[in-house]
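Common to both upcoming complexes is chain A, partnered first by chain B, then by chain C.
The block that comes next holds the complex of A and B.
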């Protein structure tokens, strides 16, 4: 009979509380990426919610209307998704093969979260593209994407570099550079129709 | 293993060997003791379905009333409970055996440590191998050393993919079936893996001393020349410059690979076949990458002036609608002049 009576504790253990906790954790990791410092937060409490949200947002924003899609081969939703996840898996495998002591999902977590600056760049580019087209438009977008590209690389290096042997950091960072370069290129050359 | 395999076989045939399962101590989820108290077990194994079917047929025939049904039910329920436990244990053992085999296969094939020796390189080694891939060595009397690593070749293939994407985007290549990314990845990886396999097969026919790993590494490092040429010529659109680089840089990396293969092959015919094939494929691939994925279209300035304009609208703006092949000679001069101006402008 004691169990039948509701206590305040029962309501607190209902589903909204873990959701808020997860959202706070995701938000905290976003802040860590925007202000990269050497910290273990991303590595210790890894999760894939943030990368999923960012990947879906980026893929949705990079999608073109179906009117033009067969003419210029712009990235479709599935393509962006596949590029991001398989790129992250390839980089993770590469860093593990080079002798890194980071776990598979930790690396996926870091690489996924570090797409945040490029997602911000995508949002800014879409806003800039609402203005009139021209060389200035292109230069502004180029500048924004370049800055965010460097930011992504710096952020991911801050988290990943310590897990690599000291003499092989360059070998592990190069594929990260290529990965974010491809994503930046997709963002920069995006033209909405 | 045999004892656990026996119940699996027994369950399939539905006959006696399942008794062997009780001899072995069952680990994991299965209970070692049959719970005879669980009389109303109605788990659906085929054994029990047949029992139920027979029971139903018998009921219809005998025109059973409640008492008879209860009597038979009571009998069958007891037996059903027993058989249910048995079938559950057999199913459980099958599951455990399957899970063990799957995890063993997974740890064997998904173990990336198999590839670890091929990624054991230092940055200085990669740098020196990249530079050496452009320097043909004349000595062909002794087999030349090929570093059996996969990091450099893999990174070069990915770099080529990135350069190809850049070239396709700036030249507004139209891909009808598929996407730019898929095409770039398919082309580069297809070349690296496919041509390596083909040349390895020819090397096997010609009795050349080279392994598949060495062939992959050799061809992978040979793509360094391609990366340089395409990176430069996708940005500076001068056909004369491209031909010069194609001969010089492409030729140097091809000569390097040819020299290595010559040193590892005996016999003039075999050498000619192997090295000629590799040289032809390597040089033609560079030509293909330049011309198939980098059409110099006349509206290239529009990428700076009007990024929001539909690509299809660019053609009528500058030229009447004619066949692209006929347009190409006239557009080359215009486009190269414009392109020089474009590249000289600060971006």
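The block that comes next holds the complex of A and C.
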């Protein structure tokens, strides 16, 4: 948070250093998500740039083409965006109402960053879909999405679990499971036109 | 204190009436927390209007409310007010879910499990899970049914998620509201012993929807008979939970109105499940299978006769 509070003068002189510092912070958090272990980095220096980048990437890759029929296709860009952010806000409110002592933005930060494995799964699925369609294609995608789903959940519970009162941990973790499950389903059922 | 009163057994049932008998005595009520807030306003009214105006009686009813552990003391614009609706532990949620799956005749779900600690966690997340269970199972079931067809192109049908969400959440919040309003109206006409707060009705409805989650998943099986058996089982279980909960609240009333209320509750529940089955799950096409098995026979007969 110390990096975020910079004077406007720095930006107007177009100095590249704050941008690099922010990007490095984002990159460092990506590494923490990919190799999750109990640490306070995501919580202490929270930022929402990483979640924004991930959410936009995911929504761009998941959106259906404009040729697709309105009624039956996959989600639009805005729908993915709304699901991710609305879902994250709901889970955060839920954990705060249950008595967790995590701040609102810290929780959004953790949930957003832990979408990284699923975004990687989306990229892999799109590459796999370039090959010939068939059951093997589907099994490969299913395996990749399942592994990344478990990775997301493990990463987010590693960061979030300690902030909950001990007799309510399962109540706070279940919505996280549902959230990543829905995103995984959207990735798995993505069909290009 | 009169000497005769020291030797006699007294009914220590009600703070207001014993205070009316002996204004100098202090009374302490150690009743069930769920019962006290409901009985206090009810019984003084029936025992006599003049006792309500006694300052001493009102003070003691405040004290008994504090002793009973009234939680809703924060104003509604603070965060703490809403935290009181999420004051449940994991085992309590599991117990309530178990109670909604195993309706025991004679045991009231509200009295047994909720007991003046209604929560919003269960209803909200059970409805959310149900929305996604129905949408995903419907999509999967349609995919499996149309798997062999050449003209079928798989679509994720994402629109149906928002439709499912609207239906389920509207049912889970509006029907309890209507039922609560109806019970309040009947309560003003006929004095009922049991009356439920809006949150408790909401809670019962939310937990009674839990059975539909495994039912929705099992509806993937593309057999009409299996689906209808599942509908009957789910309706039986959740309908009986609802009926056994609300029967004590209406049985003091006119017989016809009481029965009509219970029948309406069960009917709306059935409408929800049948409607979801019809809208989200395509009918398994039995004719489709028969035509594919019929044509090879016809070609064989044609080959033999020629």
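The rule is simple: the second predicted complex is superposed on the first by the 177 of 193 C-alpha atoms of A that agree within 3 Å, B and C clash if a C-alpha of one lies under 4 Å from a C-alpha of the other, contacts with A are read in each partner's own complex, and residues count from 1 in each chain.
We adopt the following convention: a contact is a pair of C-beta atoms (placed from the backbone, for glycine too) under 8 Å apart; a residue touches a chain by one contact, two chains touch by 3 or more.
All figures in this text were calculated on a predicted structure; none of them were measured in a lab.
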item	value
Chain A as common anchor, with chain B and chain C clashing or fitting	clash
Partner touching more residues of chain A, whether chain B or chain C	B
Touched partner set for A:134, first chain B, second chain C, both or neither	first
Partner chain(s) touched by A:142 [first = chain B, second = chain C, both, neither]	first
Contacts of A:60 with chain B and chain C, given as first, second, both or neither	neither
Contacts on chain A seen with chain B and repeated with chain C across the two complexes	70-75, 79, 94, 96-99, 167-168, 170-171, 174-175, 178, 181-182, 185, 189, 191
Interface residues, chain B side, partner chain A - complex	112, 115-116, 118-123, 126, 151, 154-155, 158-159, 161-162, 165-166, 169, 172-176, 178-183, 303-312, 347
Residue ranges of chain A touching chain B (in the complex, touch as defined)	68, 70-76, 79, 83, 93-94, 96-99, 129, 133-135, 137-139, 142, 167-168, 170-171, 174-175, 178, 181-182, 185, 189, 191-193
Chain C-touching residues of chain A, taken from the complex the two chains share	69-75, 79, 94, 96-99, 167-171, 174-175, 178, 181-182, 185-186, 189-191
Partner chain A, residues of chain C touching it in the complex	79, 82-83, 85-86, 88-91, 93, 121, 125, 128-129, 132, 136, 139, 154-159
